[in-house]
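In the two complexes below, subunit A is the common chain; its partner is subunit B in one and subunit C in the other.
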Partner chain A sequence: MTPFDFLSPQTLAEACHALAAAGRRPIAGGTDVIPQWRAGRFQAETLVDLSRVPGLSDVTLRDGEIAIGALSTYTELHASPVLRAHAPLLAEVSAMIGGAQTQNRGTIGGNIANASPAGDTLPPLLVLDAQVDLISAAGERSLALSAFLRGPGQTASEAHEIIRRVRFAPLPRGARSLFLRLGNRQGMVISVVSAAFVLQLDDHGRVEEARVALGAVAPTAIRCAEAEALLRGRPLDDDLIARAADAAVAAARPIDDVRASAAYRRHGVRVLVRRGLTQLSAPGGGEQ
Partner chain B sequence: MPELQVVGQTVERLDSRAKVTGGAAYAADIAVDGMLHMKIVFAGRPHALIRSLDATAALALPGVVDVITAADVPVNVRGLIRRDQQVFCDRLVRCEGDQVCAVIAETAEAAEAAARLVRIAYEDLPVLSSAEEALRPGAIQLHAEWPGNVCHRIHLRQGDPDAALAAAEVVVCGEFHTPMQEHAYLEPEAGLGYIDEAGRVTVRTSGQATHDDLRQIAAALNLPEDAVRVVYGAIGGAFGGREDTSVQVALAVAAHKLRRPVKTVWSREESIRGHGKRHAITIRHTWGARRDGTLQAAKIEIISDAGAYNYTSSEVLANFLYSAVGAYRFEHAQIDGVAAYTNNVPGCAFRGFGSPQSTFAAEMMIARLGEAVGLDPITIRLRNCVRTGDKLITGSPLVGPVSLVELIEACAARAGAVREGDGWRLPTPESTTPTKRRGFGIAVGMKNSGFGWGIPEGSYARVVLHGARRIERAEVYTAAADVGQGAHSVLAQIAAETLGLPLDRVQMIVSDTATAGDAGPCSASRMTMYGGNAVRAAAAEALAKWQNEDRPASGGGRWVAPATTALLPDPDANRNFVSYAYGAQAAEIEVDIDTGAIEVIRIVAAHDPGRAINPQQVLGQLQGGLVQALGWTLTENFITHDGRIETDRLSTYLVPTIRDVTTPVEYVLLERPDDVGVFGVRGVGEISMILPAPAIAAALHDAVGVWHDRLPLTPERVAARWPEYTG
Partner chain C sequence: MSQVTVTLTVNGQTQTITTDAHKTLLYLLRDDLGLYGTKDGCSEGECGACTVLMDGRPVNACLVLAGQAQGRTIITIEGLAGDGELHPLQRAFIRSGAVQCGFCTPGLVLSAVALLERQPDPTEAQIRQALTGNLCRCTGYTQIIAAIQAAAREVDHA
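And now, the complex of A and B:
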């Protein structure tokens, strides 16, 4: 544990300025940064505390777009009426991350920045087609979450950039969504496999739109383009669900670790995709 | 016995308010003026030669006072049973948790920073990563004194098991693997070493036996025992993991050398690497029986991973000499066991002391035998289990009332089993979810209370009565460790009862070798039984003196437990233990056949505390053992690879959280007073730990028709045995 300096900027501009220098690293809730620091996994000389920066913790629905400030905690996301109405899977997943203390401290921006393959908000954000807004002293830019996530702990952001917010379109009326995960105990556990779904069916049970994302089975959380393509335009029956599950398994690139083998993770992908789609195909399943 | 006033009552624990309000002082909470901070440098590698140690850079860091090494330890060994571990390694490292040196500095930060600057050149050596590997001919030798890496062997033969097995109508075999388990006590190791006002080298820490710690410190420092003092404050759990020393000797060496107070606090990762684990054990059984299910013969092999040092490996293995056959009667048996030195974290004491492992294997065997001969799980157990007047497989008489039959029947009935004809009809729970299956299982067992095996046992206590016309205050001096089980409160109840005083006139003066003699360790479910006997005897003596007009009146000394014997060749001469606990548990589970996740729906736990001194504390012990067993059975997967611990934090080593222990547990308590325990108590510290694993594994078989031989029953292991598994 190397000692570090600690800056507490009071405005976004100050925060950007503080991060412009070398050897700086942002910290918000600290639920990932502090354990990593204790484990000696980074050597920042200065931590820049974002938690006092105002205006970064609102959840708003404006002009057909939901914007979530990066400092929004899991507790806030779980309680958000906007999310409950328009992106319920994100509200639900927020109550499944860590324990109460972690949910009170941990932020959605932190979960994105940490870029863990098993980060539980990431599959839901991927099926919501989320955009990540970055800001720095040099300006602002925006990129799709799928492009932002590069690998375990690797992102497309530069050291001086701050995640300001994450944006996505609210789910349309009648859209069905769901988040499922497997873990080795009842909560307070890192996911072994996770899966998120958004599905729209027409009046005849045919798939109009399908989005499927997986967590903990590849270097990043991933979307399953092949499974989605297979689903679109077809009636959601058991056979299609089985084929979509096959396609999802094919998209996974899991590893063996202390939590599970790659083989069990592949099996888990099949189980979760089959279960998720079956649940969503039921009348009213996962509907807004 | 006259009606009891304080014993048998659920009274508030003496320490509960302080613990709930944060006032209780654990070792890490102690700070004194001028205190230094110690950071131990662990080897962090499983097997290596130390080529050189250069502390120059560390010593040069501002605030660093000293770096202590093997050269600073007069007699550089420690060990509870066998002094086979160096305090600081001078040449050879045998496990990751070996301590190589310690940096002492004015601040904890400086000590930690300097610890990283100690340059140690290692030459890594080949690693023995399992007992099987270590026992192979030609394996490298870890301890010159213990050829073949044999840490300990046991052997017992009764009757003619070979002939009996050859002639048996039914033969059942099995091989079982049980994993290491981390104690995961709330309080990581910590302590303060200092020189007290009487000039004694003093260590204030957490442990299970002040006097065992003291003897190891005195031996390492080559000091007389009265020049050393050990004091325990509030202790955040122990479960066997604090029987061996961790920080004690290093703190004493530092304080002795520097003549200043020295403190250390381990992180969770250091704790997991730095103390022992429940032994990983492989057990092979061959059982022969009559077609009617009557057991006749058993041949059993036990291979235990002792890890790098003995700790209590030899004693844990020795307990298999009786526990390997479970709670069953055999005419013929052969038991062969070996504990092997490896480069893994040492195996040590852990709640149950080998009985969770032996009971899991024996109960899986009886379950299979029941299936083979077509008897239900209750009938096969009742047909074979020990009864009052029976003997252990060693020939040792089962002294005292054996309540096992009664417990099995009570457990079965509460769980919903019904007698039908010659047998029992079991509950047949059904899941309402298509992808889930339910099952019901039962397990029964016994556990010795007290060490037995000829180890001299007793406990010291002293009681002093103050007052003039009436007793105003009774001081009870005991070194018994209250590791969280409530020992001090229960001992106070025993004193109050004996003296006929209200509890608030009893003052406990505890856990300090300067004020009390050796109470013996808090282990083997023994402290209430034996510590309680010592307190009662001391109180009775003091009361007699009070009545004889002594003011103050004082009584006490060492209470000596009934003698036992080691394993003797003549079965009739064996008196291996003097007290036992019995239990029966039933579990209903629901398993998700796709994911393999097991949910425990319901547990019935039938136990015999002999007499509950404090009924709430008895329940606390039973609940604690159950939860620890649920972890060992389901979620706690301790993984090592080539001697390296891969689950060194609580995010990878998954102990149950509150969400995992929502299972309703119904307790059935039958009090059948014991002959030896004070007021008839039996030890209840361990018995509930040994039964959940086999009960759940039996329920899993009932649910999906698969016998599992390896713990923990992780979702992956369970799912992988289902025919539709696609992994």
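And now, the complex of A and C:
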């Protein structure tokens, strides 16, 4: 618990400038930073508070694209009419994270930057094919979330870069989507396994598009390309669901930790993928 | 050690305080302002004993840095009673036997205040949801939920 200095930039340019010096790191809601700092797992000479920078917490739908400002809190995401209409699984996951206190402070940018394998917004953002927009004194760049996440707590961004927003296309009309998680209790838990789904079915119940992502069962949240390929073009029946669940289990690389064993997590993947696809195969299941 | 100077409104009074840059709002309230009603149960966001209202919303004071409270409006448990009269939720907690050791009570009452402001007539499920981030280790949640229901009825008929 080494003491740190505190800076409170009032504009994005000031924030970029403040972070350009060595030993500085951003803080948003602090729901990861403060516990990690107390546990000696977060070091910074100076914390740069992003919460006063204007324009970083809007959720907009413009030119066929949804953009979520990185400083948007879970409370704001849950209430967003844009997300409820066009990416409901993100609105839903926001109500599952911690309690009201955490939801009022925790931000989506913090969840992405923290890059926990169990971060609950990450599987939903992966099935939405989200792009992460970064800005720093050196300029701006944009990365697919799948390329941004490198390992537990590791990302493709540099210490001086700020996540400005995440962007993705709204789900098409009639798309079905869902986020499910397993934890050791109902509330206030870190996910032991999580799964996010986007499905589009044609009039005959055949899968047109399938996206499946898993959390907490690999060094990062992951997409399951094999399960998705298996699902596409086939009728979504019990047999296909069972085979897709097998493919998802094969994609998982879970570890034993304090919350669960690798074997339990593998079983959890099978259960969640079956449960999710079965729910989505029901008439109107998870439909917008 | 590095310091920050913050101006914030606590229980209706605007004050300017200079304190350690790494101090949390929880210890600004306790050490700098002597408001000991806000408790430290875990200092990591898990227990809700440090819950205060910041701009009307419940937050864990243990996870807010002093500097992040600049310009904000804070309500602590000390700010609820007016003119020597307890807030309806405080009265309901006492009457329903929802206070045993009392360590969780300030946080629970503030979470409940925020709930009833948004949702004057909550269902039991909504009450339970609103209290997810507040742990009580002795009274048991049954009396706490009963207290909130009683306060909702009272405020409704007032």
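Throughout what follows, the second predicted complex is superposed on the first by the 288 of 288 C-alpha atoms of A that agree within 3 Å, B and C clash if a C-alpha of one lies under 4 Å from a C-alpha of the other, contacts with A are read in each partner's own complex, and residues count from 1 in each chain.
Assume a residue touches a chain if its C-beta (ideal position, glycine included) is under 8 Å from a C-beta of that chain, and two chains touch if they have at least 3 such contacts.
Keep in mind that what you see is a predicted model, and the values were worked out from it rather than measured.
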item: Contacts of A:R259 with subunit B and subunit C, given as first, second, both or neither; value: first
item: Touched partner set for A:P3, first subunit B, second subunit C, both or neither; value: both
item: Which of subunit B and subunit C A:H160 touches, first, second, both or neither; value: neither
item: Partner chain in contact with A:H86 - subunit B first, subunit C second, else both or neither; value: neither
item: Touched partner set for A:I190, first subunit B, second subunit C, both or neither; value: first
item: Which superposed partner A:H267 touches (first subunit B, second subunit C, both, neither); value: first
item: Contacts of A:T75 with subunit B and subunit C, given as first, second, both or neither; value: second
item: Contacts of A:G99 with subunit B and subunit C, given as first, second, both or neither; value: both
item: Intersection of the subunit A residues that touch subunit B with those that touch subunit C; value: 1, 3, 38, 99, 187-188
item: Of subunit C, residues touching subunit A in the complex; value: 1-2, 4, 20-22, 24, 43-46, 48, 51, 54, 57-60, 62-68, 70, 111, 114, 130-134
item: Subunit A partner contacts - residues on subunit B that touch it in the complex; value: 109, 112-113, 267, 435, 594-595, 597, 634-635, 637, 639, 646-647, 651-652, 654, 656-657, 659-660, 714-716, 719-720, 725-727
item: Residues of subunit A that touch subunit C when the two form their complex; value: 1, 3-6, 8, 27, 29-31, 34-35, 38, 47, 49, 51-52, 75, 98-102, 104-105, 187-188
item: Subunit A to subunit B touching residues, read off their complex; value: 1-3, 38, 99, 182, 184-190, 192, 249, 258-261, 263-268, 270-271, 275
